[in-house]
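Which chain is which? They are A, B, C and D, in the order written, and residues in each are numbered from 1.
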Amino acid sequence: MSFLTLTNIQKSFGTMVAVEDFNLSATKGEFVSFLGPSGCGKTTTLRMIAGFETPTSGTIVLDGGDITYRPPNKRNIGMVFQSYALFPNMTVAQNVGFGLRVRKRPADQIQKRVTELLELIHLPDKANQFPYQLSGGQQQRVALARALAFEPEVLLLDEPLSALDAKIRVSLRQEIRAIQRQLGITTVYVTHDQEEALSLSDRVVVMSRGRVEQIGTPFEIYNFPATRFVASFVGQLNALPATVVDAGSGRLTVGGQEIRVSARIDAPAGSAMSLALRPEMVSLGEGPEGSNRLAGTVADVDFLGAIVRMRIRLADAVIVALDVFNEPTLKLPAVGSSITISFPADGPLVMAPGSEAGSGTSAAA
Amino acid sequence: MSFLTLTNIQKSFGTMVAVEDFNLSATKGEFVSFLGPSGCGKTTTLRMIAGFETPTSGTIVLDGGDITYRPPNKRNIGMVFQSYALFPNMTVAQNVGFGLRVRKRPADQIQKRVTELLELIHLPDKANQFPYQLSGGQQQRVALARALAFEPEVLLLDEPLSALDAKIRVSLRQEIRAIQRQLGITTVYVTHDQEEALSLSDRVVVMSRGRVEQIGTPFEIYNFPATRFVASFVGQLNALPATVVDAGSGRLTVGGQEIRVSARIDAPAGSAMSLALRPEMVSLGEGPEGSNRLAGTVADVDFLGAIVRMRIRLADAVIVALDVFNEPTLKLPAVGSSITISFPADGPLVMAPGSEAGSGTSAAA
Amino acid sequence: MSRFGAWWAWAIFIIAALYMLVPLVATFQFSLQQNPTGEAYRYIFNDVKFFAGLGYSFLVAVITIVISLLIIVPTAYWVRLKLPRLRPFIEFMTLLPFVVPPIILVFGLIRSYGRPPLAITSLPHGSDVVLIGAYVVLSFPYMYRAVDAGLASLDVRSLTEAAQSMGSGWPRILLRVIFPNLRVAILSGAFLTLAIVVGEFTIASYLAPWSFAPYLSQLGVFKAWSAAAVSIISFMLTWAAMGILILASRGSAGRVQIAGAR
Amino acid sequence: MSRFGAWWAWAIFIIAALYMLVPLVATFQFSLQQNPTGEAYRYIFNDVKFFAGLGYSFLVAVITIVISLLIIVPTAYWVRLKLPRLRPFIEFMTLLPFVVPPIILVFGLIRSYGRPPLAITSLPHGSDVVLIGAYVVLSFPYMYRAVDAGLASLDVRSLTEAAQSMGSGWPRILLRVIFPNLRVAILSGAFLTLAIVVGEFTIASYLAPWSFAPYLSQLGVFKAWSAAAVSIISFMLTWAAMGILILASRGSAGRVQIAGAR
């Protein structure tokens, strides 16, 4: 049963179309992320749900009521901002209680609720401090408590972690997820960070240039990207030029060597294709029986910490990147040495050069 | 043969000690990174090499000459800044040629060298543009060319990629590495990003609170951290509480289950230890013969894209995080299900609680 | 080089400070010259016209400040929030009082409002109204920049939207969120306006010759020592007010800057 | 609400603009009232004292600007580069000319420099020197803020260090790197100083009654129509200069702001 529904939403600023034909229906308690590069329309869409922007056309329905043109202060929606936006003249407790004071709740009830929320965000002893006395991560937790205090129907978060350090970002991300699960509140989360979107969400909406590219679970988005944009924006990707040998049996050549893919190919023999292959799908060595094998030379070994990324050069200047986990006992191949790499037949996605849509694999998802 | 040598460098600002007892000797053509959190003294040390700060004590020797107190404009050192620091009133060509004009080279020679460098950074057609007409990544490439144009003896880079987007950061990182190898210029690179330091450097100097924690190759730093700080700052880490059963044979208990480690243990039976274990060392399932095995329940499954991070709960509320590569065919275990995980005996480092130094493994490096 | 530079910068400050202080000290000496026991000061405090002039100028200043605030605070807030494209236009207007010298402004005002069809100055309190109007224009840049700098340090848009999302309407947003965070900025703008209006001579001498600065000027001709005494008193009041302002802005954790200073 | 707010903001601008424009139009009408063919303007251009007064004020303004720049550009640069802790002190000094009204400043100056031991005004050109000194103080905030805003948009420290690392010494850094990037900021500060000095009446009427603003004031008493004509001419010159300034700052890709405006 859909709780928050956006139908045919369009938003133009003058002649510039910021969001085009956006459709989404989220169920109660769902965690949905909008993921995309800056300028893709994700924040504009969030601001339309919050009521700070009005759609040029389309409707927004929340819990059965049309809120498309309702002013933001009549919507009962909690919002968390990238800049925290805590009121500098109020203490932590006053900030958290603001929405309840607006709603004219009795003082003792406000007090109780504020205490409850400060415990939820693990800052019970900061009630009487001012925002500038807190660290960035603490301020954003207070902002989260403030947005939740008046029990909104929907929680909106606009890049809430972008202003924080990497380590705090990861820990606060886990905290947001835990609180959201605990309260079961319907949540929309805007981010340009794919790891955040994949890690937090029940479903991810990938956007580009004002349009929805794909809506799906993190697993679907990553493993079965619907469009070339999704494939390249989410995760690392090898885009390998290939030539069709026999479409029916899935045979292709890459860098002069024949491989087989299980994805369906819609092109006659001899035509050029593009194979999308994630670096972590590729293994060193011959792999299990039935794997595709390619011989090449090591062009580059890049030690990234947990992962070692190697770039293997095939014939025709085709480069395949592959990732392996680092181990202290790992013997890294020398640059320039010959090597065999392998990947399973169901690893690569097939994309016609210039086509927008992915292969049949994504339809199966 | 040491080309750039820093000996017993100390720098205080008033009573605050910014850098303490810093020693480094870099060979000609070496790429050295200073890695650490903000305020660890890495930038101050770089600025002393550049001459913008003067050490309180200690000496800096470059190519046999003592430059400790030489003014920055007499040092022949190229510098790249986080903020690009291109001269806004000059074109790209004038920026790149600045150091040569200071050295009063003839105009045709300057022209030739500028063309050469713009080709090196793949921007030959931007010579007559002004900095504000370029993207951030292009500006930083021009800044690199400008720092290299007058053939300095050392190239210094101060967080050159921090102001750029993630994707450009990775590609420019590779470009910097390629140019540095091609020219064979001795380079010192300051960063707080461990992946940058590991990926770029011949050697990494990890710093914390003004002190050197470890100097070593990226592989040594990551796999054999010398101190607890290095182990936790570089990469993800499980810190598992363990109890010694028998130091001689390396037997310990973790969450009530017995394991064996090959690292040397310097503690009597029954004493508490801390095991440092990288998430990517741990595998799902029983692993090969001789692996350590732990039974637990799945607490959390976090889909990060290329990697899936799981958190397994053992007895006594001990949590072990583990990383596996994502595959479309991967069956992720359900949260709450029982599971067995394994890791090799040489995986964990042993740290006495509160100790600064790592186990014997790091001494072997 | 660095040591030399520091020395040189300090030298300039000391010279500049001396340039400001020498007249002050000389004026103080002069005010005591005739009679070291402070006869010049006693004369002032027994002069009805001193209090009348100061009182009038002070009242004009307070009315100017209230009108300025009522116009500027909501305007500056709304421009930051919804009409950022208007900011260059307002900043241009901010420069007008500098480039239109008061001596020219006063002629225009007398011409426009001193004869039909807009003969305001011939009405009772008419010239007071024109004077206050002129001072609102004159103090506009200081007040606007002070308020705008206060708003700039606030992230007005997010604060407004955060309050809206929690159900707050405009009156509450202005009174509970925006205004309390602008207190020091407003105080700073008001104080500057007070100093400017009380000390303004050119326009006052045409439209209100009984006000403080013209009184001081006449006193300078007839009772030079007492004029010096008044100068000293003005200085003291000014510095005291400035001290209070700096203390107030310290109290708010350095979030607000004085008069648009960065 | 949004539509209402925009309407209301515009209404305020229109009222404010009218308040500025009505005197201008009225003054222009008045200047043509006696003789519609422009006799008032002709009188001005035949009056030697007009050109003498304007010329004198202009010269004083130019000398003031040169002295201000020589003091302020290196000082502001050095403070940003090496002595950032001094900035609050300088910003405090920046406010002094506002809170010390010119009428008080002029008394102090006359007292201090008009009698022994510092009897500068009795020397030849002595009062010119004191006048210029007063104007350097008076224009300090505008010039300093213009230059400082220019420096703020520059990342002075990295640019200086980049030039140093490439082997450049101080003269080249100042002349080739810092100064060219401050051109518009300096122009803007200089222009404001020019407008302020030429239009300043209070101090000028005591120390140099033959300069432009006192001349205009006398003219207003004896030849009101011509005074109106001069006002109009001043307006035109001012607006033309401001237009040039805005064009110049557009040319530099919006990097530099006018007179410290954000």
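Structure notes:
Definition applied: contacts are C-beta pairs under 8 Å (C-beta built on N, C-alpha and C of every residue); 3 or more make two chains touch, one makes a residue touch a chain.
Just so we're clear, the structure is a prediction, and the values are computed from it rather than from any experiment.
Shared contact partners of chain C and chain D are absent; no chain touches both. Fewest steps needed to get from chain B to chain C, stepping only to touching chains, is 2.
Separating the CA-averaged centres of chain B and chain D is a span of 53 Å.
Separation between the centroids of chain A and chain D, computed from CA atoms only, is 55 Å. Per-chain CA centroids place chain A at a distance of 27 Å from chain B.
Chain contacts: chain B has residues 71 touching two or more partner chains.
Of all residues in chain C, those touching 2 or more other chains are 1, listed in ascending order.
Contacts between chains close into a ring here, every chain touching precisely two others. By the document's touch criterion, interfaces exist between A-B, A-C, B-D, C-D.
On chain A, the positions that touch chain B within their shared complex are 174, 194-195, 198-199, 218-219, 222-224, 234-236, 278-281, 302-307, 323, 325-329, 344, 346-347, 361. Those residues of chain D that touch chain B in the complex are listed here as 154-155, 158-159, 161-169, 172, 177, 180-181, 253, 255.
Interface of chain D with chain C (complex): residues 1-2, 5-6, 8-9, 12-13, 16-17, 19-20, 22-24, 26-27, 30, 71, 75, 78-79, 82-83, 86, 89-96, 98-105, 107-109, 111-112, 118, 133, 137, 140, 142, 145, 148-149, 152, 170, 192, 195-196, 198-202, 213, 216-217, 220, 227-228, 231, 234-235, 238, 241-242, 246, 258-262. Within the complex, the chain B residues that touch chain D are 50-52, 71-79, 81, 83-89, 98-99, 102-103, 130, 132, 143, 146-147, 150, 156.
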